[in-house]
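Pasting a structure here, questions to come.
When the chains are written out, they are named A, B, C and D in that same order, and each has its own residue count from 1.
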Amino acid sequence: MDRGRLEAFSDGVFAVAITLLALNLVVEGPGHGSLLGQLVDRWPAFAAYLVSFFTIGIIWVNHHTLMQNVAAVDRTLLFLNLVLLLFVVLIPFATNTMALYLTSGDQDAHVSMALYAAVLTAMGASFAAMFAWMLGEGRTVRPMPREARRAAWLRFTPGTIAYLVAIAVAFVSAPASLAIVGLVAVYYIFERTPRV
Amino acid sequence: MDRGRLEAFSDGVFAVAITLLALNLVVEGPGHGSLLGQLVDRWPAFAAYLVSFFTIGIIWVNHHTLMQNVAAVDRTLLFLNLVLLLFVVLIPFATNTMALYLTSGDQDAHVSMALYAAVLTAMGASFAAMFAWMLGEGRTVRPMPREARRAAWLRFTPGTIAYLVAIAVAFVSAPASLAIVGLVAVYYIFERTPRV
Amino acid sequence: MDRGRLEAFSDGVFAVAITLLALNLVVEGPGHGSLLGQLVDRWPAFAAYLVSFFTIGIIWVNHHTLMQNVAAVDRTLLFLNLVLLLFVVLIPFATNTMALYLTSGDQDAHVSMALYAAVLTAMGASFAAMFAWMLGEGRTVRPMPREARRAAWLRFTPGTIAYLVAIAVAFVSAPASLAIVGLVAVYYIFERTPRV
Amino acid sequence: MDRGRLEAFSDGVFAVAITLLALNLVVEGPGHGSLLGQLVDRWPAFAAYLVSFFTIGIIWVNHHTLMQNVAAVDRTLLFLNLVLLLFVVLIPFATNTMALYLTSGDQDAHVSMALYAAVLTAMGASFAAMFAWMLGEGRTVRPMPREARRAAWLRFTPGTIAYLVAIAVAFVSAPASLAIVGLVAVYYIFERTPRV
């Protein structure tokens, strides 16, 4: 399988998943209270959209950076890539569930936020598995110097740890957990570690 | 990141967003009044579909024209592009909300139309930010002569100003505001300023 | 604008529209009558899916054949292409509406089928407009000999006439009109006119 | 038609279909029982998502492998490819229906699972038809040695037989039938027959 078609298919899935996020944004028609009131009540849906949009956007950028270094696609990478996409496609569902329950004020707020952070953790772990595969002998276009590998791990690790922390924090405060996930996105947007 | 994959991903998002517009077109099945009556009652949904379809189509054309001039994609452009797509993906939601309330005859008609025009304004501003980035030293394939820059700004400015005017007009008359947004689309379809 | 990106965007829209057709296929969960009974009752949705799927598939093939001959994309072609896509994106909505009312047994069956055939007629007319544009001086990669132009018109015309006939027949018998649209798809699948 | 655009369109359809699978995952908002309870009750939707996701992923990989060997796309292949996509696009619908009824405990559980397995069988048969077409004189980039053809048939046959068996088993036990379909996916992920 050539890299080009794997990227094209993955790009398609990323593009559809990121656009489906907006299907979670809905208001009832006239007769269900003032529109402004509805929009304010649904702030969790908008906050969740914002965080998930940039999170998927960043995975897409990282996916591209990784693929650019890959010398040849084998069956293992194909499978790891499918696992990554499996979790990417779950993000709109997890986002919607979390937004529905974020302000429910009971146990379900914690459960829904933990589920959301768990999907992101699984997505991050799948990406780390793809990266670990790439470190094998002869899998990159050019040999990766040791410092480059180290720098790359240093880039991933904070995000994955933060997602794990977000799962734990979800059981204390769902909004605080969402803030952590949002900060991860901000971190990766501005992060300047020289990359592979 | 090479330009090709940024374009492929953006094209995917544009294509999905423009197609999702049609999900806002629905009629109830038999037993909810005559079909013709339903279609006539829902004229705002069809008008909104038409305006948003051409608006997204035009952004897509402009996006392509801009990207053709870009020498290399850096992290800043990636981020600005994500912000643009964030607002493009919001268009189907804003279109649906506006169509639902356009003929409600109360304050919500104004609010929903202002929200729609605000999303388009934000989208236009994101595009202007991408263009401003491109004017930086060495970012275009060929140096852009001064007149070309001026001509390009002259092309954007009327649309952005018109969107701002549409926000204000929304509070007076929602349909008039929608007409302004529609005229912007017509303007850009026929506009013949020589382009960059 | 290069041809490649216009094709990529159009392919995306065709692919999303053809896949969204399946969103019209739904059954109620347990407690709404036997599943087999539901599936049989909904035969119009399945028949409509089949006809619309192949209709969009054939437009896509024709779109590709036309684009292969285009020497350069100008603003007029871009706009005509957007108009074509506007009607392609309406097909899932028109399909759903027709399937909902096909067996309603009243005037709405006729109206919904006429609407469906009208959307296909408009789509066919947009395609004919793209083809007419292409016949202008210097717009094809190689000059098109007169017989090739004639053969191409001979290929389009039966389909467009049949769609117009389907609008008229819809007011007599909606299922007969759907059968005509289905036969157009079958005709184009097996049609062997030598092509441009 | 060049192979590239056929692949691009097919990739688009595969990408949208695989992502739409997640639209079947929904929970009710607050006030419909505990979230954990809802998630546990809906285990069939999650199991079905997992199986269908990898099934579509594997078809996509096989589709790519086949297309790489194709020397030129003709009208017959285009049509066979559309038939394959027709069934791929039905998978989200068949998945949803099966998940809705899997635990209904009556005849409909059997019917819905048989429908799901039948859609996969039809999809497998369409793919086999594309492969049989490819075996015709001069249709592959390089002539395929006899052993390669044999090896390829040996790869397809177990899956297709297993899908047929799954239809029959569906009438005895729906979950057992789903397990068979899941095992087919696992088999193809790990299967190591040297390929064409």
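Assume a contact is a pair of C-beta atoms (placed from the backbone, for glycine too) under 8 Å apart; a residue touches a chain by one contact, two chains touch by 3 or more.
These numbers come from a predicted model, not from an experiment.
Between chain C and chain D the CA-based rotation angle works out to 90°, given as a multiple of 5. Looking at which positions face the partner, chain A and chain B present mostly different ones, since fewer than half of the interface numbers are shared. Chain B and chain C have Cα centroids separated by 26 Å. Centres computed as Cα averages put chain B at a distance of 37 Å from chain D. Counting partner chains per residue, chain D shows two or more touched chains at residues 8, 12, 15-16, 20, 23. Those residues of chain D that touch chain C in the complex are listed here as 1-2, 5, 8-9, 12-13, 15-17, 20, 23, 78-79, 82, 85-86, 89-90, 92-93, 96-97, 100-101, 104, 106-108, 111-112, 115.
Only residues 7-8, 11-12, 14-16, 18-23, 25-27, 29-30, 34-36, 39, 50, 53-54, 57, 60-61, 64-65, 68, 189 of chain C touch chain D when the two sit together in their complex.
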